[in-house]
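This report concerns only the one structure given below.
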Amino acid sequence: MNLDHTAKGVYVIAATPFLPDGAIDTASIDRMIDFYLSCGVTGMTILGMMGEAPKLDSDEALAISKQVVRRSTVPVIVGVSAPGFAAMRSLARSVMDAGAAGVMIAPPPALRTDEQIVNYFAQAVTAIGPDTPWVLQDYPLVLTVQMTPKVIRQIVMDNPSCVMLKHEDWPGLEKISTLRGFQADGSLRPLSILTGNGALFLDFEMERGADGAMTGYAFPDMLVDVVRHAQAGERDAAHDRFDPHLPLIRYEQQQGIGLAVRKYVLQKRGAIAHDTQRAPAGKLTAAAKAEVDYLLSRLARHDPRAKLV
Amino acid sequence: MNLDHTAKGVYVIAATPFLPDGAIDTASIDRMIDFYLSCGVTGMTILGMMGEAPKLDSDEALAISKQVVRRSTVPVIVGVSAPGFAAMRSLARSVMDAGAAGVMIAPPPALRTDEQIVNYFAQAVTAIGPDTPWVLQDYPLVLTVQMTPKVIRQIVMDNPSCVMLKHEDWPGLEKISTLRGFQADGSLRPLSILTGNGALFLDFEMERGADGAMTGYAFPDMLVDVVRHAQAGERDAAHDRFDPHLPLIRYEQQQGIGLAVRKYVLQKRGAIAHDTQRAPAGKLTAAAKAEVDYLLSRLARHDPRAKLV
Amino acid sequence: MNLDHTAKGVYVIAATPFLPDGAIDTASIDRMIDFYLSCGVTGMTILGMMGEAPKLDSDEALAISKQVVRRSTVPVIVGVSAPGFAAMRSLARSVMDAGAAGVMIAPPPALRTDEQIVNYFAQAVTAIGPDTPWVLQDYPLVLTVQMTPKVIRQIVMDNPSCVMLKHEDWPGLEKISTLRGFQADGSLRPLSILTGNGALFLDFEMERGADGAMTGYAFPDMLVDVVRHAQAGERDAAHDRFDPHLPLIRYEQQQGIGLAVRKYVLQKRGAIAHDTQRAPAGKLTAAAKAEVDYLLSRLARHDPRAKLV
Amino acid sequence: MNLDHTAKGVYVIAATPFLPDGAIDTASIDRMIDFYLSCGVTGMTILGMMGEAPKLDSDEALAISKQVVRRSTVPVIVGVSAPGFAAMRSLARSVMDAGAAGVMIAPPPALRTDEQIVNYFAQAVTAIGPDTPWVLQDYPLVLTVQMTPKVIRQIVMDNPSCVMLKHEDWPGLEKISTLRGFQADGSLRPLSILTGNGALFLDFEMERGADGAMTGYAFPDMLVDVVRHAQAGERDAAHDRFDPHLPLIRYEQQQGIGLAVRKYVLQKRGAIAHDTQRAPAGKLTAAAKAEVDYLLSRLARHDPRAKLV
């Protein structure tokens, strides 16, 4: 079933599990999907940056996509960002044929002006075809491309197949408010907004009007709780669930080793068999692992799911 | 008294208070200094980026420096980063003559290679004179200049007047460990390391070997507590003091509005009369102010100093 | 007399002459101005990037401005780009009081979106005052700020005191055509367009509608000739004058040593006494000087003014 | 036959010909190869940036490689730069199996410090295998990665399979001299140095010690002449051949439309049937085409091969 603007909840950014020798760990893929489903996620996003997509060759990317789509009982979004449109088209067609719900596209770092950005996504839609639902990824911290709310509105209004914003600007709270304001004044059509940034601002993003989270923090079950409390208007409860995780969320924010932290915790939770990353990869020193263990032990006083040692 | 490598504790990054019309608020400067001193800081750093230094003209910068040095009972470090060495020299001489303890220098964004970085600081030392103690600012997230531990070691060993590192790399925990390791193996001389990043990682930075913090978070008294607990080896106590502040510290991390948050809280605490910034400046919306108020109210359950409303 | 949109011809980007010890060479300033005037320039621009402005302190910048304004018989534009508006305001007021014809402002590198750029120049005009004529510098190759023709149009239409564009985009020929097209369709008011880029594309820029050149190539007399031929519609003559200089113009394009080449040739032509630059500066090796000499000897076969050795 | 450090002459950067509908123009590939061979090139490099490699999907890239290797009578180098090592490995193995002489690798833009650069190429060599000869691409203007001569030396000395430098730094003349100096003092082993930058500095690069050119300027026959004259020590003859082409070489330097100029001229010369580029692509306006025609007509007075209209 195709993705549309009513999507909400937690779309987890799935890791890509590897065996110690760097080969794809297909057994762990199934195990990880089952883990995510047990956490209550409403969707999955694969082949994103934190899914080590650029480290896969094209055959591997397609094989993983097929396996995840087959196993998952919730919609699967596949990242198809590529250096060129030919590769983007190939992957988008293959994964949609395989049953993906939609694709996600990030702008290439070279884009600067509003016009360049708008034109790029027009060309991308031509490449993937106008009927393929897609997610617009707005991640200036890493991609260096800055899209104003007006530019996002223009992209959404120009391209009916754009159904979701992966909101990952930083700071980004006002951006959510501005976009929801555009919808209130009738200048922007309905659009699902899921937020990234490793959930660092999820508490307030929900209050500003987000529909949920799209991120890969190793406790997706907590994210599900926070989104549910927020949607029920239970502000204090949402923050009470969120705050004890903030020391670890913050620790995972460290670019370069954030994914190592995430895989280390996912392994401890039994979601994957190994925390292996493909090169180039930041590695956790013994000191860093001990810090994560300490954070988990402190977290366990508030959240029993963190009792992992 | 000149700064040296034994410096430790909390060197607060001082704000620059303005009147609503944008003029320097000299009355608030005195009030703010007294506030910082009452928090237990061991030093102050002025004219840093969060002190809105680039928004001052050269006469204003010097006048503020003189006022702070006169009032403060702890050492004062003055940021002298400038687009060229002539302006750097002028300011450094003037503030050292006025009684500053040392100066701080950030690398200009154009530097890329190890050689370029090392050469730049050699030229900077020629400009400020070999007897002026100085702080090396390592802030790649904003400055885009990446200095490896080896490059830092070379700069420190080449320039005896470099007595302190303002450590603001991100992630940076391993960098502290590596530099301390260099000292253990005898290849690096003693060096004070104070950490920035708005205190986001202060809990672990202390455990890795930092001598304290150099940042402007609006609760310097908490930073003083955390540093003291850490130096006493009271790990849990340090984290217990730190964690309740993390939601606000995290909120203040938002680039572009972080300083607005900081000045808003400093004003609430009575440290400055107005939260005015000079243009260009990010401003807090009503929604954002309400979020900060909410964070303060939650914080007040753990730290009575946050009872501000 | 204040600068306005009718400015045309060659506004030479003046070098800043130094003595071998790095002090300002005031005698050479007068000599250089007389040299430029003898070349037939219609204006001068000082304190630009190639004038080593960031290497001057504020007193030096003002002193040089006063000397040039006093000596020059053609309008003088002063670069007032600064890290903040307070310094920009101080310098702009001082030089306009001293008799400058206008100021030039470059956007700071951090600007990305169309909105950010437009807002920045609105703030800059507030800083320098609405009656100060100013030149918009569009130099993305070095400044990394990309302004589309539409953004330039908006800045010009928003700010009546913007009277000139220093066009230095690369490639930029279509930009000139587009801006002239805006004027043809009535959406842009009259605007002087002078081109930079070290004159590398001056031949075609004139044909696209430029009013002249604003650059510091060491043979401004040749630029004057090319502009005159182009304005007279003598296409072949313009290119015939231009082409023999292209090997040297190209050589001077090398960032980092381009200014060294320029000062070396200016010294040979007797315009300045020393080719000294302040640090940081690229220096010419013996091999590079010999290459410039060889280029001059080849050029001298076509242009007797290049007979310098 | 595998590439080694004795390579010299002109390795042309081959264009990728497309049909008007964007499909690969296989007939033109053969025609273009024959054209390049008739120009006297000693090698070819395909799937470089100017070969629109990122716009191909992996099947297309391999098919083109096989066709070129089959047709060419001179060594073929294939660009295998990729966002990750898995894709790099796949392509490198396939093209070497198909008979390529070597591969070319550019550093990804994120690399900053000397260590990061050295480590990256160590990992790349692991990916392609230690027996695959490869070319180190040094192109800071576009890639933003700055490699000092010492870093290049370390990469070459660490990796015996690195046999050639594609030198494309700007300014870069001193870099060639420095590297040749390293060889003279015995600290660097023999290495072929071919230069890029669209041949803008080929005249002097040869005099500094380059072994030839690796670029795609549409008159490779002229490049062959210049290299031959330079290798014979005929300085004036080399410059006399080179200078008349400089106006067009300069015009082709315009990033974004440079490839459009190149394909337009290649089509006029009969080397390819269409000047089509895949999106995203800069296009030549009628005014730009007329300018190229004018440049060709002026060039034809000196070089009869430019008589194309």
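Here are some notes:
In this document, chain identifiers A, B, C and D correspond to the written order of the chains, with residue numbering beginning at 1 in each.
Convention: a residue touches a chain if its C-beta (ideal position, glycine included) is under 8 Å from a C-beta of that chain, and two chains touch if they have at least 3 such contacts.
All figures in this text were calculated on a predicted structure; none of them were measured in a lab.
Chain centres here are means of the Cα atoms, and by that rule the chain farthest away from subunit C is A.
Subunit C and subunit D have centres, each the mean of its CA atoms, that are 34 Å apart.
With centres taken as mean Cα positions, subunit C sits 47 Å from subunit A.
Subunit B and subunit C, compared by their mean Cα positions, are separated by 38 Å. Across the assembly, subunit A contributes no residue in contact with two or more other chains.
With chains as nodes and touching pairs as edges, the resulting graph is complete, every pair of chains being joined. The part of subunit A that touches subunit B in the complex is made up of residues 170-171, 173-174, 177, 200-201, 203-204, 207-208, 239, 243, 246-247, 250-251, 254-257, 285, 287-288, 291, 298.
Residues of subunit B that touch subunit C in their complex: 52, 54-60, 83-87, 89-90, 109, 119-120, 123, 126, 278-280. Those residues of subunit A whose C-beta lies close enough to touch subunit C in the complex are 112-116, 146-148, 150-151.
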